[in-house]
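What follows is a pair of complexes built around subunit A, which joins subunit B in one and subunit C in the other.
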Partner chain A sequence: MIARVVAGLVVVSVAGATAGPSHLPPPAGTISGKVTYTGTPPKMRPIDMAKEPACVTDHPTPVMTQDVVTGSANSVRYVVVYISGGDQGAPAATDTVRYDQKGCLYIPHVAVMQVHQPLEIFNDDPHSHNIHPLARVNPEWNKSQPKGAPPIRTAWDQPEFIPVKCNVHPWMHGYFAVLATSHFSMTDSTGEFSITGLPPGTYTVTAWHERFGTKSQEVTVAGSETKTANFVLTARPY
Partner chain B sequence: MRPQTRWLTLSACGAVLLCGGAVRVVAQEAHVDRLTGRAAAGKPLYTRYCAGCHGDEGDSRGENTQWIDPKPRDFTLATFKCRSTPSGTLPTDQDLYNSVTRGFVTTNMPPWVALTPHNRIDLVAYIKTFSARWSTAKPGTPIAIPPEPAPTVQGILHGRELFQRLECWKCHGAAGHGDGPSAKTLTDNKDDPIRPYDFQTGTRFMCGTTNQDLYRIFMTGLDGSPMPSFADQLQPAQAWDLVHFLRTLQPLKTPEATIWRAWFTTHGRELKPIGQEGGGQ
Partner chain C sequence: MGRLFAVVVTLIALASATIFALHIWWLPPDISTHGARIDRQLNETMVVAGVLFVLGQLALAFFVWRFSTREGGPPRPSRAFPGGPTPLVVLATVLVGVEILVLTFVGSKVWADVYQTPPAPGALQIEVVGEQFAFYFRYAGADGKFGAMHPELMNDATQNFFGLDPANDTTARDDIVVGSLVIPVNQPVVLRLHAKDVNHSFYVPELRIQQDFVPGMVIPLHFTATKPGKYELVCTQLCGLGHYNMRAYVEVKTRPEFDQWLKERAAEL
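Up next, the complex of A and B:
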């Protein structure tokens, strides 16, 4: 009996909330946290760009490899954290994601985007690059982009983590993280991330790293609260 | 066919696809000229002639694969080097038929001319059952190749500038010997080492022998390999100039090589060398 009354109250309150004044923004929760590793990660090594003299002059101090970038307290950078189960948010954003080839590096090292979101790839260097996304689910392509060539405009149809490489400069490696969801974030140099604007609900949150793989956990967000979800990835030395 | 009957037929097809479930989703036919290839007819041929290298599942894991370099094509990726279509698109049936017929020089893939044309197109139909992309996407539109102009010294010189500016030499080498600064680090889409074409050998190209084939190779790129598409970078006249220059790098008696060598003996010293410091002019 009591249960039935409580259930009735809940129904009334939910109905009240939906019929209530519309000037209040819908509650939006946040999931934030930090990604760290256990084990022994590979060492970051200086990149030898001797093959491309212009890029050597671009970097007075040698650039370090970016596939595994770790910080203090075992933090990991370039981890894509996204909602893999639960509300998938808005359809593809119309704003363009920019990806640069500059100083023989991909900037950003990992570009996160939604399926069908416009992507523009620039060559800012005074020499050629070939941009070769090694897609498996989406079609793989490979295009030359010489000095001064206009940006390549494209988009991806399927969610996929696509390795990108330049065959001319073998140290150039990057990723296109193409997601079905609009709820995502990427860890910064302190390993921290924050996914905002989440409607109340239960979510599967997945953290992906190009070398350390993926880990997932369930998080329930109610109202406008901020929930913490930390991830510990297992480092593989090679 | 009455609309109702058509609807029934469509639903039956849908049911077959659904029932197929985990089984391959399919494009069951292939067409070249007046020939229609059928996957069912291609399957026994594939098992007999192709599976040893390409694998029963088309995943390039045949029993011979470990001994082969470069590795056989993995049909489950639906990524093909020799196409008439833009980079990132599926090849036409004719492209696949041509590959089966021609084979790939300097690899373990022989020309399958011993099979009848009908056998070959049946094989093409069967190869297309290994990837679902054949049922979700259509082949690209073949790139247009305008008529070839006669080679001239001016055109060849212009092609040489393009070879410098587009940095073909970074892989293919300043003299086209396949020994450019990036040659040794090249890998394909499976991370296996792969060599750029060495023009000095004068052998056939991976995807044909004619000037048109050469034009098509650098305009479409060889998907899966490090060779990119230059279609967005070259106008047709420029592309022909580049074709004519590339021919001069081969030790062959081609019309291009003849007029180039005549000019080169008197003017060769005026040329800047190709390469990092060179202007290629």
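Up next, the complex of A and C:
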């Protein structure tokens, strides 16, 4: 009798959890890890900004190119890690992504956003810029922003990794990583990333880097656990 | 009103001529071995054109003053030029034509002496790319050889402004690419100008050099700078939205300073 009651309680309890009473948050797992490289990465070089004296003044020590930024233990920065398969959908992000043109650099070097997510582009420099996202899937455009001009407000409709250049300062280079998923992360200076809020499921996780290409792996997340997924990208010196 | 116009024309003509004659707003001092010839030719052109300009404006002012009709006054009798206007027009056309022809022939010789002579043996070779909206310069590096240019590999994002292929072309690996033209003083220099996209122009007033970049052409240009310093290089062909900002600097250094600079750039590779 006691066993039946206990079994009944367990069944009720499990059924309740499955039905998902509204006051309980759904289980959310995390995928985190580190991105490193193998091989010899290209050497980054100082950017010569001599033609724009204000930007030279902004950088007492020359800025290095940012397409490959590595750290200790072969870590790689600016790698976009995102769910490319198995995404169960999520509300579109409504917070605005900020992208700055400052000191003749794009900050951040890579801006990650969701399709339709608001994007604001600022010119913080005392001179003009002409930002030119080299989109192929989305419409390509370029817009001038003189000193003190209001921010450009826009959004992208299709997922795409879009190289960004300035038509006035050829060394300025960045990326818009426009993703279909809301589950993404970008590696920091230690090469680490963390994708949170994942419902239980099996996912394809992809790491993208502008010079080292992409790598993917399958990861299954159950409950609120944190799974580790490390990536090793292949670097070439040229 | 006619007489006021005559006075204003005279004043404008004399003021303009004075500005040029006294070399107010003149070119900066010449720092090249060939510049003296250019300056002499420019002076001669300005004198010839200036004299004709002043004479023409004074003649205009004289006739306006002499034959203008006062408002409300009696009409002045008009007088025809002897023989009618045709001989005057022909004479003026011939005079101006001869002037332009003489200037062209004399000027062409000076131009050809600068632009169509071979560079001195042992001149420093530097490749130049003009693109919207910047100049880039390439030095051959330790091996003394330039890597081949592959336009399809040109990529501003990776700073590959010359389309080099260092993965497969070992001569390209030590090529030094910079955004300023750095040259040693008193050293003949040969530039080879490449346009990546549209026409641009290489203009350094102090060097008395102005030469277009033309897509599809490699245009050689040689000169010798005689005074250390930093000079502005500007594009003088309207090349697009950012043309106003297409510039670079020419840094003329002493030989030891130049060698040191080159060594530091090589160490960055």
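Assume the second predicted complex is superposed on the first by the 216 of 238 C-alpha atoms of A that agree within 3 Å, B and C clash if a C-alpha of one lies under 4 Å from a C-alpha of the other, contacts with A are read in each partner's own complex, and residues count from 1 in each chain.
Everything that follows uses one rule, which is that contacts are C-beta pairs under 8 Å (C-beta built on N, C-alpha and C of every residue); 3 or more make two chains touch, one makes a residue touch a chain.
Worth saying up front: this structure is predicted, and the values here are computed from it rather than measured.
Undergrad: Specify the outcome, clash or fit, for subunit B and subunit C once both structures are aligned onto subunit A.
TA: clash
Undergrad: According to the stated criteria, A:Asn130 is in contact with first (subunit B), second (subunit C), both, or neither; which is it?
TA: Both subunit B and subunit C are touched by A:Asn130.
Undergrad: Based on the superposed arrangement, let me know which partner A:Arg45 touches: subunit B (first), subunit C (second), both, or neither?
TA: Touch status of A:Arg45: second partner only.
Undergrad: Is A:Pro170 touching anything from subunit B or subunit C once the two structures are fitted on A? First, second, both or neither.
TA: both
Undergrad: Just subunit B (first), just subunit C (second), both, or neither: which does A:Arg153 touch?
TA: neither
Undergrad: Return first, second, both or neither, reflecting whether A:Ser144 touches subunit B, subunit C, both chains, or no partner chain.
TA: both
Undergrad: Which of these subunit B stretches, 81-89, 99-107, 171-179 or 207-215, gets into subunit C when the structures are overlaid?
TA: The answer is stretch 171-179.
Undergrad: Taking the contacts subunit A makes with subunit B in one complex and with subunit C in the other, which residues are shared?
TA: 51, 127-128, 130, 144, 167-170
Undergrad: So in the complex, the part of subunit C that touches subunit A is made up of which residues?
TA: These residues of subunit C touch subunit A: 131-136, 156-159, 161, 165-167, 173, 178-180, 240-242, 245-249, 268-269.
Undergrad: What part of subunit B is in contact with subunit A in the complex they form?
TA: So the residues of subunit B in touch with subunit A come to 77-79, 87-90, 133, 137, 165-167, 170-171, 181-182, 185-187, 189, 221, 223-233, 276.
Undergrad: In the complex of these two chains, what residues of subunit A are touching subunit C?
TA: Within the complex, subunit A touches subunit C at residues 42-43, 45-52, 65, 67, 127-128, 130, 144, 163, 165, 167-171, 173, 210-211, 236-238.
Undergrad: Once bound in the complex, which stretches of subunit A touch subunit B?
TA: These residues of subunit A touch subunit B: 51, 53, 127-128, 130-132, 134, 136, 139-147, 149-150, 152, 167-170.
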